[in-house]
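One structure, as structure tokens, below. Some questions next.
Chains here go by letter, A, B and C, matching the order in which they are written, and residues are numbered from 1 within each.
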């Protein structure tokens, strides 16, 4: 493998992580000022802030790896739909509190096991980011897992709502473990993580929490995937149009 | 404490000697009511204030600005929480306060009934609105009611970055393109007068002032604080190269202060009375959040209840 | 039974700002249960500090002295207080004690 291929692959690998954090943070931030009560509003905003912070570190690093002088903002604001590499689950519209809870739970569990493994990356920058991120992930997972229990084992109404959300989101979790060549190459050179291990841990955690929450894990009748290759749901375009509007309207300025 | 000293005398004596009044102390009913009104109004302002700024979080033009804005709006929610918490020590529940906000019985700062139309509005709020808020809030750190004073100390400490981030945001725009500078000027044109109005009616027309001063809930008059705000803002605007939209604004050597034009009190009372450009939208958004959250709060309570019963059964 | 409109109970928050200090009352929050109260206390209250510990207690579980009790609770102690002041005791001024 030539140095240039590795660099391109590493860039792709890092940008996927960065985009996942950014798009998830962007969606979660929509709750700001609209939470079910002020304490939870603060908690959700806090998590969104962690995600944006994580995206900044990762996109900055992606720019460095690429070596073309692109900053975090160049990458966040001047790429198009097909260039974003986040999982589709991140870009789905914010939905109700049950939908947000289920999405965060699936993603938080993934991030927790993923970054726990990534701490041992031979890439010291990624290992450092992972170590810092892991502390947040632990808190995020605790927060969303507890809400899964409260909603699942709360009232009939909450049980129905969270069941619907789980059923809607489950097909999108397939993609989290749908490794491609870049994942395999990065795992082989010990920069990336072993997605099979992450998947096993994730399944165990998800099954335990669903079980305790008195929720069924739905059978997958269909799956969604493609974010890694920039193949998204129709929602991504609207999200980017909103997020990038000002930079696109007045490009080349300091803000 | 002799038997001849009455409760009101003990109360006022404490205030006169700069001792704090604490929740379980005897206090006149009107003191309690005034504080509940003022603290809950202040709390509601923080919570409603999340909306105009929150409006730009998803569109912040850099990731750094997005993170700053999230942190700031989160702070405001936290301040709302400190203040609700202080008000609750006076015997009113969070739920009652929210009902009063939603029914329109309780007020909040009118400034948040103006829309944030452009990104520069976020800078204008940080610079002007937060400056005005700080000027209003610093004397409240010495308020006679302990829990309110303590909440204000915490809030003032945390707010110090808010104003600076707003000013920095505007500075960046003013040093940028013509279009950016025009955006900044337009924002100042719209936010200046509402900010000047944030200090409330002039001293001659302020209904609660005298009593609040005697109780040391309030330490300075509205006009005094307003003057301080104007004096502070003029050189800051000059530094930015922005014009404050008041042709009567000029230095008065004799007074040692800036003179400024007549406030449009009609507009002030219109907005306070519910007819501002966003009053309806702000309250509707708060009611919607509260109502949409009802099932979530019920679920959390039901689950806590089940857990308690399980623990009891396990212990038995 | 849970409240129909979802009225969450009130909790008092106590924070140890750093090691070696007492827990100090920081304010209050609403939460459905203790675990949630701890999490919610963590967000706003110690936001700018580090290395702290948090206690939460249901506000309803706090037994507080009443203003009317002040005389009986605190006044008698004042008489005995004088014995506890170092200046109550006469010792030679040049003695280092």
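Here is the rule we use: a residue touches a chain if its C-beta (ideal position, glycine included) is under 8 Å from a C-beta of that chain, and two chains touch if they have at least 3 such contacts.
For clarity, every value in this text was computed on a predicted model and none was experimentally measured.
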| item | value |
| --- | --- |
| Chain nearest the overall Cα centroid | B |
| Pair with more cross-chain C-beta pairs in contact, given A-B and B-C | A-B |
| Mean-CA-position distance for chain C and chain A (Å) | 41 |
| Whole-Å separation of chain centres (CA-atom averages), chain A against chain B | 35 |
| Euclidean distance of C-alpha centroids - chain B vs chain C, Å | 28 |
| Residues of chain B engaged with two or more neighbouring chains | 77-78, 81, 293-298, 300-304 |
| Residues of chain C touching at least two other chains | 2, 8, 29-32, 36, 43-44 |
| Residue list for chain A, restricted to those that touch at least two other chains | 37-40, 42, 46, 150, 155 |
| Interface residues, chain A side, partner chain C - complex | 37-40, 42-43, 46, 142-143, 146, 150, 155 |
| Of chain C, residues touching chain B in the complex | 1-8, 10, 27-33, 36, 43-44, 47-48, 64-67, 71, 75 |
| In the complex, chain A residues that touch chain B | 22, 26, 29-30, 32-42, 45-46, 48-49, 52-53, 55-56, 59, 72-73, 76-77, 96-97, 149-151, 153-155, 157-158, 161, 242-243, 245-247, 250, 253-255 |
| Contact footprint of chain C on chain B as seen in their complex | 1, 24-26, 77-78, 81-82, 85-86, 88, 93-95, 151, 154, 158, 293-298, 300-305, 307 |
| Residue ranges of chain C in contact with chain A within the complex | 2, 8, 29-32, 35-36, 39-40, 43-44 |
